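One chain, chain A, appears in both complexes that follow, with chain B as partner in the first and chain C in the second.
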Partner chain A sequence: MLDDHLIGVLSNMGMISFIALSAYLVLVVGEISFGQQAFFAVSAYASGIASAMWGWPFLAAVLWGAAVAGLAGLLLAIPTLRIRGLYFAIATLAFAEMVRLALEIFTYQVEQDGELVGPNGSEGFRDIRYIYEADISAGEFLLVILALLAATLAIILWIERTRLGAILRMVGEDPVLARLQGVNVNLAKIATVAAAGLVAGIGGALYAHLNTYVEPKIFNVMLGVHGLAYGLIGGLGTAFGPLLGVALDIGVLESTRAFSGYRMIVFGGLVAVLLIVRPRGLLDEAAVYRIRRFLLRKHAGD
Partner chain B sequence: MLELHSLSKHFGGVRAVDDLSLTVGQGEIFGLIGPNGSGKSTTVNLICGVFPTTSGAVVFEGQDITDAPSHRVVAAGIGRTFQNIRLFGDLTVWQNLWVAQNSVEERQTGWLTRWLGGQRRGRDYAGELLKFAGLADRANELARNLAFGEQRRLEMARALAARPKLLLLDEPAAGMNAEEVSQLATRIRALRDHGMTILLVEHVMELVMGVTDRIAVLNFGQKIAEGAPAEIRSDPAVRTAYLGTADA
Partner chain C sequence: MIRTMAIAALGLVSLVSPALAGERAAAGVACEPTAEALVYSCTIVVTGRKSTEPVLAEALSVKADMPSMPMAHNLRPASAMPVEDKPGHYMTTLELEMHGEWALAIEVDGQTAETAARVRDKVIVKQAFGRGRDAAPKQ
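What follows is the complex of A and B.
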C-alpha cells in the first residue's frame, strides 16, 4: 500500500486541484482571479460548522459548504460584472482579503460535551473531527478526494464539449463578438464565477475535514496565486491543464524535494518563462486541438 | 426595415457620426460609402449596440433598438461582419457557427438542450452555411489556421449563423483580389434572392456600384448624398469628398 507521505502528498494535490480548477474556470471566461482561496475558506468553515456543530453527515456537509461557496461566488460576480482585466483581478483580491479578515473576527461557538466547539476568530476552528469519529483512514479519505475530483473533472470536461462550453470560450476570447453571436455575456460570467466558487468550495470542505483544524491565515493570497498559476502553467485549453500544473508543482517540485529551498524561485521562474513563450500554458487550445486530432486519427486508423 | 433617426456619436470632440438619418427598405442592398474616417464603421457599431449612441434612434422593423445590448440586437434579427476580421480563433470553424445558430433555435427548445446539447444538434444549417462559404471541408480546422480569404468567408457565415434578416457587411472585400470580389458579389446577390436585406459598407467601387440598389455617402459623419448608384457616381459633392477634387 501507499505510504503515509505519499498519501499526504496525493491528498494535498487533490485538494489544491479544486482551487486550480476553480481559477481555471474564471480564466476560461477571460478573467483573472487572485481570490479563489476565499471560496475554499468559506466552504471550509461552512462545512465544518455543518458536520461538527450541526451533526450533519459528511457528504451533506461538503455539498452545503460548496453551495455556500457558490453563493459567495454569486456575491462576487454581480458587483464585479462591469469591470474587467486588471480591475477585476484587484477586486477578487480585495474580496478574498475581506473574507479572510471577516473570518478573523467570526465567532460562533456552541457547547458540546462540556467543550466549546466552533469558529473562534483568529484562533481558528478546531475539532472538525468527523472523519476520526467515523474512523475513516487517510487512505480512505484520499479515495474520497479523488472520487470527488474525478466527478468534478468529468462534469467540467463534459460541459466543455457542449454548446455551453463553446459559449464560455467565446466569452473568454472576445466578449464583444460573443454578444454579437447572441450570447448573454453577463449571464455567462455570473454563472461561471458562481460555479468556480462552488468548485473551490468542494476542495475547502475536504481540506477542513482532513485537517480537522482551519484558521483564517491559511487562506491567504499565496493559496490563490498558486491556484491561478497552475492553470497558466498547465494550460487553458482543457480542464486537464490546471491538473497538469498541480502535478508539475506539487508532484514534481515539492514532493521529490528537487531544488528543495529554491522551489519557489524555480516555480516563479517557470511561471514567468511560460507566460512569455506559451501565454496560455502547456496544454493551450492549439495543443489540445492537435492532440484530439491525433487521437481521432489513430482511432479511425484502427 | 431599418431606420436611423438623427443618429449621432461623438468621441470627445470628434463627431464620428453626425445627425445621420436613413432608411433601408426590406430586401434592399443598401450601400454606405465615404472616405476613411467618415463614420461608416461607427454607424454599424451603433446599430449593433457595440457602444452607446450620443443621440438619435435606431429602429428595426418598427422596434426601437437604440442602445440595446448586442445579444438583443442579434435576437431581433441583425448580423454583422467586421472590417478587421473577427473570429474565434481558438474554436473550430464549425464551432464558430454553432453557438449563434442555436440562439435562434433556442426559442423552440428547452434550456437544457439549448445549453447542454451535443455537437450534432442542428448540423444541417451550419453545414449549409459552410457550403455557402465554400468551407465544407474545413469544418474541423481551428479558425486561426484558415487562410485570409477563408477567414473572410467564415466571417460572413458567422454573421449569417443567427439567421439574421438584416446583414451588415463592413468592408467585406478588403484585401480581396478581383476574382474573390466577383465571388463575393455573387454571394451577396444570392443572399438577397433569399430575402436578406443588406447594408454594405465598402470602398471597392466595382462591388458597391455593381450590387447595390441605393447608396448613401458619408463625409465627416454627415450624409452628403443618397441615391441610385448612377446618381451617386455623377454627384459632384461626392466626387469632391471622395477624391478630394471635383474633376477626378
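What follows is the complex of A and C.
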C-alpha cells in the first residue's frame, strides 16, 4: 500500500499536471501563457463555493468550477486575438494578476452552523471540506485525480490524432499559412484558450477540495511558470510531454530529496539548458515521430 | 465483475451525494526553533470546534506547504505524539526547507475526549518561520 507521503506526492503531481496540460494546449497553437494559474484559481474558488456554501455534490462542483474557468478562458481569448508572441504572454500574466488581486478583495460568506464560510479576501477560503464530510480518504481522492487526469489526457490525445489536432498544430506553426488553407485561425485560438482554461479548472477544483483551503497567494506567477516549464521540459510533440516534465520535476528532483531546498535552482537551470539544446522539449515532434516509427516497426515485426 | 461494478457504483454515489455533517476540529500551533537550522519543535493543541473538548487523536500528522509555492515542497508529513497528562496536546518536529510563511495542514483522525464524537478533519494554520518571526501563528 502507498504511504501518506507518496499519496500526497502523486496527488500533487496529478493536480499540477492539469496546469501543465493547460499550458501545453496554448503552446500547441503557438502562444506562451504565463497565466494558466488564473483558471486554476477561478475554478478552485467556484467549485469550493459550490460544494462548501451551496451544498452541491463534489462532481457537480468540479464540473461547475471547470466550466467557469473555461468561460474565463473565453473572456481572455477574445480581447487577446489580435496580439501574438511576447504581447500575448504579457497579457496572460496581467490577466492572472488581475484575477489574483481581485480574489484579494473578494468576500462572499454565508453562515453555516453559527460560523461564516466562504472566501474572505486575502484571508482566503477555508473549510472546503467535502472529502472529510463524505469520509473520502486521501488514497480514494488520488484515484479520482488520476481518473480525471487519464480522461483529460485521453481526450487531448484523441483530438491530436484527428483533423482538428492537425489544424491546431498548423495554427501554431504558421497561422498565415493556416489561414490561406481555409482554417479559421481566430476560432481555433479562442476554442483552444477556453479549453485550456477548462483543463486548468479541473485541477483547481481538485486542489481546493483536497487541501480544504485556498488563498490568493497560492495562485501567483510561480504556479503558472511551473506549468509552462513542464511543457517546455517534457516536450511539445505530444500531450505526454507535460506529464514527463511533471514527473521529472516533482517525481525525481523533489521527491527523491536529492537537491532538497536547492531544487528550484536546479529546475531553473534545467529549463535554461533544455531551451538551448532542445527548444521544443525532450518529447519534441521529431522524437515522437521516431518513437511512433519504432513502435510501428516492432508491432509489424510481431 | 459484478462486485467490482458495485464497488465502482458505490464510489460514484459517494462522489455525487451531498456531504454529511460531523464534528470539526480547531487547532493551535506554537513552534520553537531547535539548535538545528530550519528544524522546529512544535506543540499542537486540538479541540472540537463546537464542543471545545480536547480531541484524542488516533492519528495526527502535520504537513507543511508554502502558500507562495504551492505543490513545490513535498515535505514528508510529520507524525505528532500525544503529550502525557495533557489531553488534546501533541508534539512534533518540523524540518523545513526555507524560512518564510508556511501553511501547516494538521490532519486529525480521532474523537472528542468526553462525548466521543468522531473527528476527522484537516485544519490549516499559517505560521511564519524565520529569524525574528518564529512562533507567530497567523489565522
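Here, the second predicted complex is superposed on the first by the 302 of 302 C-alpha atoms of A that agree within 3 Å, B and C clash if a C-alpha of one lies under 4 Å from a C-alpha of the other, contacts with A are read in each partner's own complex, and residues count from 1 in each chain.
In the analysis below, a residue touches a chain if its C-beta (ideal position, glycine included) is under 8 Å from a C-beta of that chain, and two chains touch if they have at least 3 such contacts.
Being a predicted model, the structure only gives us computed values, none of them experimental.
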| item | value |
| --- | --- |
| Contacts of A:55 with chain B and chain C, given as first, second, both or neither | second |
| Chain B versus chain C as contact partner of A:109, first or second or both or neither | neither |
| Larger contact residue set on chain A - chain B or chain C | C |
| Partner chain in contact with A:120 - chain B first, chain C second, else both or neither | neither |
| Chain A partner contacts - residues on chain B that touch it in the complex | 48-50, 69-71, 73-75, 79-80, 82, 86-92, 95, 98-100, 102-104, 114-119, 121, 140, 142, 144, 158, 161-162 |
| List of chain A residues in touch with chain B within their complex | 159, 161-164, 166-167, 169-170, 173-174, 176-185, 237, 285-286, 289, 293 |
| Sites on chain A touched by chain C in the complex | 4-5, 8-9, 12, 15-16, 51, 55-60, 113-115, 126-127, 129-130, 132-136, 140, 144, 207, 211-213, 215, 217-218, 220, 222-223, 226, 250, 254-255, 260-261, 263-264 |
| Complex contacts: residues of chain C adjacent to chain A | 11, 14-22, 24, 49-50, 61, 63, 67-74, 76-77, 97-98, 103, 105, 120-122, 124 |
